[in-house]
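For reference, the structures are reproduced in the following blocks.
The following pair of complexes shares a single chain, chain A, combined with chain B in the former and chain C in the latter.
Let's look at the complex of A and B:
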């Protein structure tokens, strides 16, 4: 168990209020130490909110393995009935995680303003996998899986008093923040959309940070960022997990300095990505000022349809988008294959990105939740299970669709509406989740693509894809141009070579 | 297997001040990003100087008494102790080369 040796120092049930002077070094002269073996010479003491009978004790003396409140699960020790609040619980990831964590025994609450449904329908699109309203979703979760979820309709940005009240009521031990607008092209449509995305994301999250400070300072924030915050630097510099390691040095003027712990440069690739970078800085500062605890999750491009819970009943399915704004690339390719539409590579198709399947992303989030950060700790993880070029993905989807599902699939290159390097080096570092949190990817790309094709070729879903095929080709240009992209080339001959470059433990 | 000695207010006397070999102590903090990045470099140095130098880590939040006794004013602070006495100190993240410069005061680095 990756978190067996963690102690109450990591646990959200600890009460450190007034007992620890977090800025003891250099910034405060007051010493709170109340050692049991002499004045100011001993160690700190704390109280446990779940086990008040312990009284004042040394919080480093009890490990998760020893504490009866932490129970064994396949993903590490997990706090019994851990109170988890999911912001954005109606979305692709939020709904999936809600069911996943409830099935593991967490007490799940969540909020949503259904904005995602609104954005997608505003663009004339729909989720190709039909999804139900929240009332019916909750009913089915209870009926089919026996899971209760405490939902409240709240807008994170515009209804702060309501969210504050809900937080005070639930006292979440971890807050998973999925409540942002997740689309680069949506933010690039025009000024109104760019403004909306940045306000919604940045100011929404800023409010959450203040609420956590005042309501639940010991809980942790697991916040969704994106690998796109780093961009793809043409120097080929590795994309470290948020910070430089200590042996990365800056050399200048015959002197050298360690860059250890400094945030690495960010090079966001759209106004949406800028909002995520701003979040990163706001969270980093909040942890510094108020010793909040947070994992900032740089997630690779997500894809897939499956977890055991969402597949348990059609009413429990999570959404899947194929439009240019909210469809991620593999989800789009599979939908295009089902529609008989040549798969759309932007530009050269040689762009390389990190990817992760839905189920593996759920595993990662669970593992992060089971090992909460320490007081004041801001940390970054790169959450992906492998990296591929977009062309490799298209070829993989084409191969499985044609050989396993008899779908004739072509690949086309279209004009690239984005401003980005089509051809670039890419060396992401993504060892923290496997090394420190015990993450083991379980879903090979080919398996998930197969499962997606199985679902999406069902007649009622195929029909929903065909209804929106006019939305497949992008028309949102980073330059501001308003026109559908032109096809540059149809690739007739596809070489089905094994090109997979996935994580190997 | 970690070669870093985890220090606390309880074992500081024994592990540092009464140690037979010199000790490189990192005063670190949970909230301090630079100190959290030092571990791989410290592990490496601990391995290389096994038996000649002890490398240890003390969390200042959890152990305020030793931190204030040694007037740690910023994180991370590195102090080399020999025979219970402070020999050299540096504050802020340190590269491998800079740590080796510090260690040179008490052990042969070649």
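Let's look at the complex of A and C:
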């Protein structure tokens, strides 16, 4: 178990009472307020909120393995009935994670203002996989899976008192923050949209940090960022996990400096990505000032439709978008294949990105939750299971769609509306999750694409895709131009030999 | 008939050495104390083993030794685990004098190791370690009053590391708020026993013992002023006392200068008795199976007995061998040409009572000028900490005012004699 040796120091159930330096018969609470180690030799004194009979004790002297409150699960020791609050619980990831964690025995609560549904319908689009309203979702979760989820309709940015009240009531031991607008093109539509995205994301999260300080400082924040925070630097320097490794050195002018532990440069590629970078700095500072603890999750491009819970009943399905604003690339390609719409590569199609399947993302989040950061610890993980060029992905989708589902699939290159290099080096480092959290990707790309095609070729979903096929080609240009992109080239139809369902999961 | 009007007042000065209080009384820094000493008995008193506040004050208030009250240090190891606990008032196994029924209604202010405050006939504000004022106070109606007074249990010692000026300011603030609480409770409560402990004295001595010894030190005057302020409270108390009231003053241990710290666990590791699973170790949970002995602060040594600890590996029949080896190596240990150890006690020789089993196997007393520490993170055998003063065992003080002291104080008193003295001052009769 990756977290067996973690101690109460990591556990949200402890109350950090103070710090005592018995050498000077001195006590101090200041260390927690200041986030400073003082003279380093004192004892940290804690009490366990779940096991008050332990009295005052050294939180580093009890491991998760020894503590009866931490139970074995396939993803490491997990705090019994751990209280998890999901911000943005109605979204693609939020809803999926809610069911996933509830099924693992967590006490799940969540908030949403249904903004995602609003943004998508504002653009005239819809989720191609039909989704139910929250009330019906909650009923179905209870009825089909026997899972209870405590939901409150709250706008994280504009209803702070309500959110604070809900936090005080639920006392979450971990807060998963998915409650942001996740779209680069949406933020690039015009000034109003850019302003909206940055306010919603940056100021919403800033409010969450203050609330955590005042209500649940021992809780950890697992916050969704994006690999896009780093950009794709043309120098080819590796995309480290947020901070430079210990042995990184800056050389200049015949001098050198250690860069170990410093935040790596960010090179965001849209006003949306800028909002994520700003979040990163705000969270980093809050951890420093207030001893909050957080994992900032730089997620690769997400795709997929499956977890056992969302697949258990049509009413439990999570959303899937394919429009230019909210459709992520693989989800869009699969929808295009189903609609007989040539898969669209922007520019050369040689852009390389990290990717992760929905179910693998759930595994990662669970593993992060099972190993909370230490007080004051801000850490970054690059959450992806592999990286591909967009063209490779298009070919993979095309191959599976044509060989396994007899769908004729073309690939086309279109004008690139974004400002980005479409041919660039790419060396992401993504070893923390496997090395420190025991993450093992379980979903091969081909398997998930197959599963998606199975679902999306169902007639009622195919029809929903066809209804919105006019929203696939982008018309939001980073330059401000408003016009649909033109086709540069249709790539010759590729003939694939049918296999015998080689990818059936 | 018990004398229901006879009240006893106890004033504690944490860590105040006999020779210091004698000196300051004679020099006029503590004139009121000097007057009491002239009319009563001022004597040296032995502290507990080890000479630390939690153990010593627990003996002061219960009248028994650690084998009977169960407090052996600020830290302990929970039975059957390596979980390091911080024993508190709930772990005290013998009743304090205010729970025996013999001392009437009591006001107890700032006695170390009385956190969390428990119900009593009277009022109690716990002393160090007490990180939460609400749970330090009984009854709870007093909490807002104390908050209004700016009461805090202890000076924030973290400040001393950053600025001695800041530390001294906080020390003063803590003392003044404590005096406000004392005046308020003295006047508002109807009591038969009043106990008030000043703990700033100990903090001051840890960080600024050198300032006391060196008259040209920047903080020499500040050191003396703090003790003078406490002496004023002593004078004020004497003035407030009724005829027939008795007054005891005491400290829990003495102080002396320190110039070298020796790290006991580092020594045990160096000599092959202690093996840790990682370096630097984070906690006792890092103790390896091959460990034969480990230490807790300040220098309590425990044999890693099979059956007693999760990775205990020393069979009971080999305990003597390990104790003999550790004792021998410590006795012969010299640092910078001087012996480190003044005495090594076996638990059977110093403790008795039902809780002997949980006592450390050995307690080591350091030689003059040396302090012993048992953290797990030391990277060298010896070092120089930020402290200039260290506790001593023989040099606590006891003062009983008035002629009563002559009959009440035994020869060669120690901290566990105080309850007996209290009884004698009340003529051995119950107040109620």
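Heads up, the rule we're going with is that the second predicted complex is superposed on the first by the 466 of 505 C-alpha atoms of A that agree within 3 Å, B and C clash if a C-alpha of one lies under 4 Å from a C-alpha of the other, contacts with A are read in each partner's own complex, and residues count from 1 in each chain.
In this text, a residue touches a chain if its C-beta (ideal position, glycine included) is under 8 Å from a C-beta of that chain, and two chains touch if they have at least 3 such contacts.
Quick caveat, the model's predicted, so the values are computed rather than measured.
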Check your understanding: Given the touch rule stated above, what does A:45 touch, chain B (first), chain C (second), both, or neither?
Key -> second
Practice item. Check whether A:288 is in contact with chain B, with chain C, with both or with neither, and answer first, second, both or neither. Key: first
Practice item. Once the structures are superposed on A, label A:17 by its partner contacts, choosing first (chain B), second (chain C), both or neither. Key: second
Practice item. Return first, second, both or neither, reflecting whether A:454 touches chain B, chain C, both chains, or no partner chain. Key: neither
Exercise for review: Using the touch definition from the top, say if A:60 reaches chain B (first), chain C (second), both or neither.
Suggested key: both
Exercise for review: Tell me which of chain B and chain C touches more residues of chain A.
Suggested key: B
Check your understanding: When the two structures are overlaid on chain A, which partner does A:375 contact: first (chain B), second (chain C), both, or neither?
Key -> first
Point to revise | Intersection of the chain A residues that touch chain B with those that touch chain C | key: 9, 20-22, 24-26, 31, 40-41, 43, 60
Exercise for review: Under the touch definition given earlier, write down the residues of chain B that touch chain A in their complex.
Suggested key: 8-10, 27, 29-38, 40-41, 60-65, 67-68, 72-75, 77, 92-98
Practice item. Can you check the complex and tell me which residues of chain C touch chain A? Key: 14-15, 52-53, 74-75, 78, 81-88, 90-91, 112, 128-132, 153-161, 199, 202-203, 206-207, 282-285, 297-298, 371, 373, 375, 377, 385-387
**Study point:** Residues on chain A engaged by chain B in the complex (per definition of touch)
**Key:** 9, 20-22, 24-26, 31-33, 35, 37, 40-44, 59-60, 243-247, 249, 256-263, 287-288, 291, 373-379
Check your understanding: Mind pulling up the chain A residues that touch chain C in the complex?
Key -> 7, 9, 17-31, 38-41, 43, 45, 54-58, 60-63, 66
